[in-house]
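Down below are the structures I want you to see.
Next come two complexes built around chain A: one with chain B, the other with chain C.
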Partner chain A sequence: MNEARLEEIEKHQNPVRKHSVPAMLWKIITSYGLACVVLFLMLLLTLFGTLEQVEYGLYDTVRKYFKSWFLSDIFGHTFRYRGIGIPIPGGMLLMTVLFLNMFCGAIIRARKGLAHAGILIAHGGMLFLLFSGFVSAYFSQEGNMALYEKEEASEFESYYNWQIEILPLGESDVATEALVIPAEDIHSLKPDERRVFTSQELPFDVFVNGYYRNAIPVPTSAPIASSDQFKKSPVADNFVLLEQRPSTDAEHNLGGTYVEFQAKADAGGEGSGSTAAILWAGETSPFRFELAGKEWSARLVREKWQVPFTIRLDEFTMERHPGTGIARLYESEVTKLENGQEESIEIKMNEPLRHQGYTFFQASWGPENAGPNDRLFSVFAVVKNPADHWPLIALVIVGIGLCVHFFIKLMDFVNRSQKSLKKAAP
Partner chain B sequence: MYKVNRHKTIWLAGGTLSALALLAGCGEETGPKEITEKRTLSAKEQIPIEEVTSEQRFHFALQQFGMPHEEPEGATPSAGPDTGGARLVWDTPEGWTEQPATQFRDVNFTVGERGEAEVYVSRMPGTAGGLAANINRWRGQMGLEPISEEEVEALPTVKLFESDATFIKLDGEFTGMGGAGAQKDFRMLGLMLNTPGGAVFVKMTGPRTLVEREEKNFLSFAESLGVQLGGS
Partner chain C sequence: MKTLSQRLSALLWAVLLLAAVPATGWAKNVSTAIDTYEPWEDATVDVFRGMLVQEGGRVKPIDTLARYKLLQYSGLTSIKFETAQGEAHKLDAATWMMDVLFRTELAKEMPLFIVDDSTAVVAINVVPKEKRDRYSYNDLLRGREKLANLSAEYAQKDAKDRNRTEQNLVNLGQNVSDFEYLSEQFSFADPGALASNSVLPEEMKQMAQKFDAVEFIDQLPEMPFQNFVQSMQQMADGTPEEQMVADGFRLVFFYASTGRKLNIFPPAEEENEEWLSVGTALIAAIESEEKRPWVAEQLNGLKELVQASNSGDEASFLASLKDYTGNIKQEAKARGEGAKAGLEVSLYQGNYFLNSLAFFVVAFVFLAVSWLEPGGKFGRYMTWAAIGACAIGLGYDVAGIVIRCIIRGRPPITGLYDTIIFITAVAVLLGLFIEWADRKRVGIAAAVICGMAGMFLSLRYDMKEATDTMPQLQAVLDTNFWLATHVTIINIGYAAGILAGVIAHFYLLGRPIAILMDRDKEKKPREMFRSVTRKVYGVTCFCLLFSLVGTVLGGIWANYSWGRFWGWDPKENGALLICLWSLVMLHARMGGYFREVGTNVAAVVLGMIVTFSWWGVNNLGVGLHSYGFTEGVWGALYTFWAVEGIFLGLGLFLFIHDRMSKVKKQGAPEGKEMPTGGKAEPA
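This part shows the complex of A and B:
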């Protein structure tokens, strides 16, 4: 019995199977049509994202278009059907669908065998590339470390995110450790939302009332503070926060929030009660207060990450273009200190230090407008990305897959040519 | 039977997506959240934290507003805005008397024999709440109803710092910031400009007949305003 006959019998025995819901879903998920639609939508996202980036900056646009599951608008324009907003698929959703589509269509459903090995390998490489994108999006950390000569550090800080730190003050008003309210817990707060944080180590609860990505404190005596937008705003020590439009350079945003510290019922102490303050990213000094008979401090600082080794800047060299203040070349000689061992390393532009999954790039220097005799600091861009080299590996896999496929096709062509020649031979 | 039509398939797919969206939203906690993260401060950070006033803590904000501010001793901020060291320059019209700058006014004049009218220039960070909000705040000071964004957009413009500033001319009963009673038959001339460095306001208020007479001087004063870089 041949294959076609078997298929016909199968069709008669199970006449509805191909119309079942799972079968239809499977057909959609594995279809070329879906891949085409997704790729077309990704093209549109790239186009609109590139255009919108001019007005809103790179960071915000990448977050809105490519690191989101859905978009609420494009250029501020929302799409509605009978008053109901239609969500626009974001980069994350499209890449997830493309991953599923490729995995189901090009790996599971695809024909197997030696003849298709190259195609399978190439698709495997593409899937790995998409997967490395997910890992980078969710698990990478990106920030910077600024050091003057002879200074050392074992942590780097975020360009964009701010966290709240509560500092218990000890002897001589010095704090040695901080309790951290992470950036992810406050950045998601809208200006009219409140979130409460508590700790067994604190005799008070922390109420965070709204978060502004870019704001500036304004005294209530300023004329602008009398406008309607401040009518419902909290006031802390005669200051209110004036919200600013986020900068197109997201690292220049200065976040701000209203906080309230309320003593717990069982806290005791003479200073029990509550106190409120504005924490602002541009403040010159942390907010200091007394509560439950102890001295505390609170501040809004850039999110910080620990590095499992220490970097010391030994020497920073910067050469300027003759007759100008423009830097021509800058490089840093650093020492990596780890487990009592010291290692001297040079970090230059395009020659980063890579160690334990961290990469230190020579990014910039400061202070801005420094004169020839001013003390300079070196700034390293620090990236921790578990998928740092995965895109390269993925592209190598894709390359191998395409070479294998090309070779198989070449051999097939040669074989067929030889057969034709044999047939044609007299 | 498993046979379904296309509509059912669409509903099923839609329902699955909605359920996923609901599940995603269920992660939000409503109660107090435990602080679990701790950080040991670096040696550089272990410095005495003194008690300072809010004016000292927000020194850079006040500086940007051009307000008097007390600089905290030994402050070494990492993220303070750069003011650039620029200063305003202008030509003073005849008959105008310059007054000392005040908390919110970079340039301050009185006009008229008894100083009945006043003119000032002030700068604010960002957009200072936006053009429409400020126009309507000024209209409110003149006892006038607010206008829409479209009407604000349609207002005439005048050159200020070589850009087009929105120009308003309002007649009414003036109630200023001082909280004094309404002053009848007043006129307000105002210019508002949003620049990348912040918002600039030039404003004249006084008895209508006097302001009407001084309108030309007001506009030439605005045109003469410039920025000189480099401090002194």
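This part shows the complex of A and C:
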């Protein structure tokens, strides 16, 4: 057999040439080496992403390390080569590569057959687990609903995201309908960036000048307001926004922004012109202004989502172990109101309410120093997650896979033992 | 020439001797001002042990409470002293508690309080003793006021900002104050005991001799306790007659505010869950006329008991004590409480975990002896003896765990302490299983080391924390299903990770010795090291299986409890680190990147990661799994990791050695020797 013939057989067996770029890529993508590298990098990321939580809190660290494709620093240290910053792979990138590596290496390229069935199934389960993670990361909504006893609501609000809500005030001084500038359009603004928002329903445009994740308004007369950092800052009603370091508990951050309402050229009315304000999340009452002959109010509120039914809190119970401060039980008796029908339900720790894709969990309660006769409120964590039960399914698949594998190995071991025993027999 | 085993045996003996050194620093007898000490009869103490109290939200025997109070003050579960006449006495916690409650004067002379830093004692003008000597309450009395001031001052500081002396003073101040309260619990029934109380003015001490708090309250109209205090303050500035009445108010106020350390009266109302103390019972009587007969009954019962103890006739005291504790038990039983108190007494009296440690140490000694003649008959007998002792040690540990489960009606793990005894049991069991499977004495050695280290850790933890290790559970943990599945499974994973690390040490320690003795290339050692690696690999697979399933189960619990599968919480990440590293090990071995040295080094790293996940993440101070923040853990962890660093260094040495051997072999004209790091087969 000559060399040319050998090559032909190889070509026949493998349509991609052994040393071609796709073949090399395929080899890398499906390799144990890549799996090791990605898993090891994931390990480092998890380690640093845990340690950094002490300083920066859970929310920011998770966004930086695990919900990102790349991160620029670890504990503030950047990595540079000849002055060029080296991006560090983030959790999303690593998990995507791991997914690809597992799919190509452990499913497509892996040896098939009964002997490998368990491992195949187990890897399939892990792939499904990763996939459910992606679905949760991109498609789930997470927030909370706080209700005092006898109160009801059919919307829940975000822990972290703030949106601008503009309300025309009717004659009765009560807002009729609200226009919203969504949270994602505000949160992405840098402090020195400016964005204009317009709507056919509004006789004015809204100029949003920068967004601070955590800030506090200070009067311009305050000594700190005369420092250099405020020289270029807009001033509204003799106040400026003083940026604060984001809290380690991200839900405690109070965002702030400068807004300007400028009447459109074609807007009539006596009040045309413009007005500027600071919208701050910590404000208890909205900013009221008159423009284009009408009265308006604007405020920064938490992002809200509607649920297709209403929840009423009938009673909240909190029990402590006798003589201690240790909570023994949190329980909310609620009524679900839907299509004119009422249903009484109990929500407690480890026993949430699941309905129409929404899940209500007992999260916390208040007021903290409530006396025995004080009216209490209960806070429910509300989650809408299409991948809600997928991890359980994934675990069952992985479990089945591993059981199959161990069973096959066990049978193999028994067969071999018997063979060797037979051999040993005279 | 000595065999490899003999050399290792010598090393083990050296370790054993080194380990024995700290044990010699045990607390010694301290001479006291106690003139004579009449010990309580065992029968009396046994009855007292079972007396029920409610503490930390649960009804328990006073024996448990006494044990943790004594640990909190002195760092020990017993107290040793010598009388002025040179008689030595050793009291267990319940006996000491009897003295605190019934013979307070004696208890105040006993060496009780530990102070690690003598500067703290000097700061309150008290003459310092030797380092491990305990101070009696009366030793500290002359510095009492200064201690109260300094302790209060330093308590204002954040714990992180206190230096050692300040921390010692804060602890000592709190302990002394706690002891003072404890010693006043029955003082309403024993006015004579008030004589030594430094807080009360002389005229009140005299008044107390003839004062009956219950009768006094009976003459008052019912009123909120706040009004009672206001009346007391108003009358203190009034006429001489009013001032006399005010003294009665003050005495009741004193009893009501100091007597709240022991909740010993089951409430009369079925729906009320909180047991009452002398103090809260007096307040209940002040606030409600209706409750006064019940309170009178309780307090008079206690008074009779205290008077019987003062009578000097121990037989009659024993009879009273039996009656008294029996009645409370019956009342508690009717309420469905205290049923497991007897079992709890037997748990602590049985010293299960201490006995377990003792048997593991014995097993270690047998094992070390067996290595003197590894292949011979004597060696084999010693190995069997080690296996037997190890199995008994495991038996004690498991029995202790089972009793704790029965007492609480819970799965084995609900807190950090439980993890120690459980992980130890699993690691030992796995080690014994390995030994049963291959009889190469690696499994038994690993089991014994895990057993000794784990039980030692459990005792140290118990002493250092000095709080009840069976506390009531937070609402979120009140689910036996998830405690039994997620928590148990993940801790089995931890145990396997640690065991893999321990076994890998035999390789990393043994091979350099074999190389030094030039026996590395002999068939027997090579086979032994290869078999060690296979075990490490197998146990790592086991670790991965349980860590992975446990971690995912934890995620599912989180999803069912608060709506998210994975939140990157430190404890979750800790478990993930174990899974990820096990996966790296597995895939690197499958890919041929890790061979013998690599697998063993990686297993040591796995052990280091497990300790981080087990202990480190709890102490980061963030996250939802905020149980068991333990002082001084970082110091211990850094030390452990530094020691493990030495083994990693040995791994590096082996790696370089193997590389050089390979290069040499490739350079040689004919290489017939086996490669040192051949691709091992999966276990």
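A few remarks follow.
Methods note: the second predicted complex is superposed on the first by the 386 of 426 C-alpha atoms of A that agree within 3 Å, B and C clash if a C-alpha of one lies under 4 Å from a C-alpha of the other, contacts with A are read in each partner's own complex, and residues count from 1 in each chain.
By our rule, a residue touches a chain if its C-beta (ideal position, glycine included) is under 8 Å from a C-beta of that chain, and two chains touch if they have at least 3 such contacts.
Because the structure is a prediction, the values reported are computed rather than measured.
Clash-free side-by-side placement of chain B and chain C is the outcome of superposition onto chain A. By the touch criterion defined above, A:130 reaches neither chain B nor chain C. Contacts of A:39 after superposition: chain C is touched, whereas chain B is not reached.
Draw one line from the C-alpha centre of chain A to that of chain B and another to that of chain C; the angle between them is 80°, to the nearest 10. When the two complexes are overlaid on their common chain A, residue A:224 makes contact with chain B while staying clear of chain C. By the document's definition of touching, of the two partners only chain B reaches A:185; chain C does not. In the superposed pair of complexes, A:352 makes contact with chain C only, with no contact to chain B.
Residue contacts after overlaying the shared chain place A:117 against neither chain B nor chain C. Taking every C-alpha atom of chain B against every C-alpha atom of chain C, the smallest gap after superposition is 7 Å. Considering their complex, residues 54-58, 263, 273-275, 471-476, 478-479, 482, 545, 548-549, 552-553, 555-556, 559-570, 573-574, 576-577, 580-581, 583-584, 587-588, 590-593, 617, 620-623 of chain C touch chain A. If you check the complex, the residues on chain A that touch chain C are 31-33, 35-36, 39-40, 42-43, 46-47, 49-51, 53-54, 57-58, 61-62, 65-66, 129, 132-133, 136, 142, 248, 320-324, 326-330, 348-350, 352, 359, 361, 363, 381-383, 385, 387-388, 391-392, 394-395, 398-399, 402. Within the complex formed with chain B, the residues of chain A that make contact are 16-17, 19-21, 24-25, 151, 153-155, 165-167, 169, 172-182, 185, 195-199, 201-202, 205-206, 216-219, 221-224, 226-229, 236-239, 242, 244-245, 254, 277-278, 280-288, 297, 304, 306, 368.
Residues 1-4, 8-9, 12-13, 31-35, 37-42, 44-62, 64-65, 67, 72, 75, 77, 79-82, 103-104, 122, 124-129, 133-134, 137, 177 of chain B are the ones that touch chain A when the two sit in their complex.
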